[in-house]
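Scrolling down, you'll hit the structures one after another.
Two complexes come next, and they have one chain in common, chain A, joined by chain B in the first and chain C in the second.
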Partner chain A sequence: MPNAASNSAGAVWSVLRKECRTEWRTRYGLNAALLFAVASLTAVSFAAGRLGNRTDIMAALFWIVLLFATLASMSHAFVREVEARTMLLLRLVATPTEIAVGKLLFNLLFLLVIEAVTVPLFMVLMGAPPVRWGDFLAVLLLGTVSLAASSTLVGAVIAQTRGRGALFAGVSLPLLLPVLAAAVGGTREMWAANSVAPSLRLLGAYAVALLAASLLLYDHLWED
Partner chain B sequence: MSGAVSTAAVRLAAREISHRFGPRVAVRPVSFDVTSPGVVAVTGENGSGKSTLLRILSGLLRPSRGESTFEVGGQAIEPRRRRLFTGLATPELSFYEEFTAAENLAFAAETRGLPNPADAVRDALEQVGLTPRADDRVSAFSSGMKQRLRLAFAILHEPSVLMLDEPGSHLDDAGRAVVEHIVQTHAPRALVLIATNEPREIQLAERRIELSGRGLERSS
Partner chain C sequence: MLWRLLIFVWIAGWMVAALLFAPQVPVLHETTRVLYFHIPAAWIAVLALGWGMLHSVLYLVKRDLQHDDHAAAAAELGVLFTVMATVSGSLWAKAMWGSYWNWDPRETSIFFVLILYIAYLALRGSIEGDEKRARLSAIYSAIAFVAVPFLMFVVPRMYETLHPDPIINPRGKVDMDPMIRTCFFAMLIGFTALYFWLQTLRVRVTRIERRRELARGL
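What follows is the complex of A and B.
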């Protein structure tokens, strides 16, 4: 029997490729997320003009756009499987942890693609002041990992429940508030030329805690 | 073919297994002990719990009461690892409609870690007669073709235990012949369980597990 670790890595890679292929063929989330990001930034730009000196508002706006552009799509990673009745197929070919880690990596990739479009657009339309790239990317990366981990975890937990939509909002809120607070705080401090270390520590600790909790929980998901 | 496939003897046993979904009794207490190779029919009225029993044996569902044993080569396999040795074709199994038949099977083969996924997919599609439609999207498949694809999915990794739940449903005569061929080719080396009430499929089995009850009873 092949090495279990290499088998698991192969299964995770296979699930990730399947997610990418599904997204590419259906454009289920990508188009909606990009449309939201572009439309909201354009609307704010028309209404308020460039916010160059209001870095506190810009920091909040930046993370709100990212959050809403991606959250609705990411929460569907598992719901889609349940609604298309493909969850049984997945459960027969991979462990819950392999499935969830594959989907987590896809959500991370999805967020990075959205950010690749949203960040430059935001900088241009909002007239953002120059960023300290090291600090900015660190906050962005840790915030992205936390967002992806929390939405994947909540999506996995609620996938087979009734009233998934309402549950997702209710369960996500307490998990996402610390991420948003730390990410907005870090981005604001970066623009104010202050240290982002406290925000990075909080985001890092939260990301590690979420990932650890996820790995512990995933194997017990969907046990009837 | 697969790393998880074993030609070692398989033993499936149940001791007073029963299951209920809330107040509804899905499987009344049942006990049996079967070993490979061979074909076993699981029969019983509609709602007697044939499909639920297969889900329990394959490790997808934990029984409310009783114990199930799944041994390969004398070693007990815990429920979460049983899927490695089991090929399950059930009406509840659906595929990714935006993928072709070959892509669905390739995904399953790669995720299962089969050493030669392309060969496994080609062999499985050939056995169920879907080779000419391999590159068609599943969304364009009829119910009979989807049923053939379920059979291909179940035999893809040459499992030690093949569980076929209503294998002839939606199939024409040619499709039923495919089912018979699959059972006959796997029976000499694997344990084949067929959940059915079709006389033609029951005749393929040497042994039988009869489930009692209609699954409609409620108990407090």
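What follows is the complex of A and C.
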């Protein structure tokens, strides 16, 4: 059924385009997330001062800033639909999996934009030593995929509860701890000039496991 | 009723036997005794996690609320046993390692299990409607199932542990003093029976509550 497959891909693409367009019209989600990321970065940098050669602490702080940015902004994609009462309409035109995959791609893009601002700023403010770009970007990218995959599923669940945003951070945390452990480990090894391969394997395995489980679970997200 | 009595006598009897007659392990000395309580509690913490996740997945497949009742009961009991394992382990750590908490890999994984249970229960508490609560919390439980092996087995292996199974059990198989082994396995069986008895009790209570709510609604 090549037709159904291309229809699905088309639907995912439409959801992604629609997400980007609505975000771009108001930009309040992106602005709020960027402001939050920069605020937490400033707080960390101000409190810790220049760490110089303590790259182990720097790696931890780096991922804490990204984790906070994720926890603060990622529930937005689904909560916005519920608050604008547009979820039902969206479900009429696409299957749950198509919606969720579209939102997942949007969340990924959203995180990459935030990182494009936060990462250089972090390096400058914290006075970080030069990075090994290949290793660093690999850890960053795999970590970002895991953050987005976990946030998309939890965000879709949380949007249907009474707590919504307030619950998101607490409920996401257990799923994000493996990402945090592996990504901090990888970043630390990168700065210590050791091999990042073990951390990359762990991050990759976790990202794949999360994505596979998500694809099985998306179908159960909405039913009434 | 008979079950309840049997479990009580079994656990009490073996506990007395363990405290009075079982010998001590060289390095652990008097603190050996935490073994009969702490490990069974930790085992139940993990068993309840698996039991709850199994029933969550079964709920998604079969859509029978009974599975959700089991998942919820397992999470509640899981918190109880996890706290018991954490507190007894922490007291033991103070005696042996000199501090209540220092993020040993074993401490990390039990802490993770605890926050997982709490997040799951917080999520349940904020969803209205039985079917919706069952479905959404089952989804969360299923995705957490992916994280569990990473946090319980993979991440802790990345760090050195001071936890004494290398001391009690140096060759990677059960290799204890016969008296310790008998008491330990008896307590393991006792705790498992206790858990499943409490589990059926909790599920029955939920069922009665639901029936009463229905009756009141009519």
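Note that the second predicted complex is superposed on the first by the 210 of 224 C-alpha atoms of A that agree within 3 Å, B and C clash if a C-alpha of one lies under 4 Å from a C-alpha of the other, contacts with A are read in each partner's own complex, and residues count from 1 in each chain.
Throughout what follows, a contact is a pair of C-beta atoms (placed from the backbone, for glycine too) under 8 Å apart; a residue touches a chain by one contact, two chains touch by 3 or more.
Please read these numbers as outputs of a predicted model, since none were measured by experiment.
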{"item": "Contacts of A:11 with chain B and chain C, given as first, second, both or neither", "value": "first"}
{"item": "Touch count on chain A, higher of chain B and chain C", "value": "C"}
{"item": "Which of chain B and chain C A:58 touches, first, second, both or neither", "value": "neither"}
{"item": "Partner chain(s) touched by A:210 [first = chain B, second = chain C, both, neither]", "value": "second"}
{"item": "Chain B versus chain C as contact partner of A:139, first or second or both or neither", "value": "neither"}
{"item": "First, second, both or neither for A:153, with chain B first and chain C second", "value": "second"}
{"item": "Shared contact residues on chain A - chain B and chain C", "value": "223-224"}
{"item": "Chain C - residues contacting chain A, complex", "value": "60, 112, 115-116, 118-119, 122-123, 126-128, 131-132, 135-136, 138-140, 142-147, 150-151, 154-155, 158"}
{"item": "Chain A residues touching chain C - in the complex, by the definition given at the top", "value": "150, 153-154, 157-158, 160-163, 167, 170-171, 173-175, 177-178, 181-182, 185, 198, 202, 205-206, 209-210, 213-214, 216-217, 220-221, 223-224"}
{"item": "Of all residues in chain B, those that touch chain A in their complex", "value": "3-4, 55, 58, 60-62, 80, 83, 86, 88, 90, 92-99, 103-104, 107-108, 110-113, 115, 153"}
{"item": "Partner chain B, residues of chain A touching it in the complex", "value": "1-2, 6-7, 10-11, 14-15, 18, 21-22, 25-26, 84-86, 88-89, 91-95, 98, 219, 223-224"}
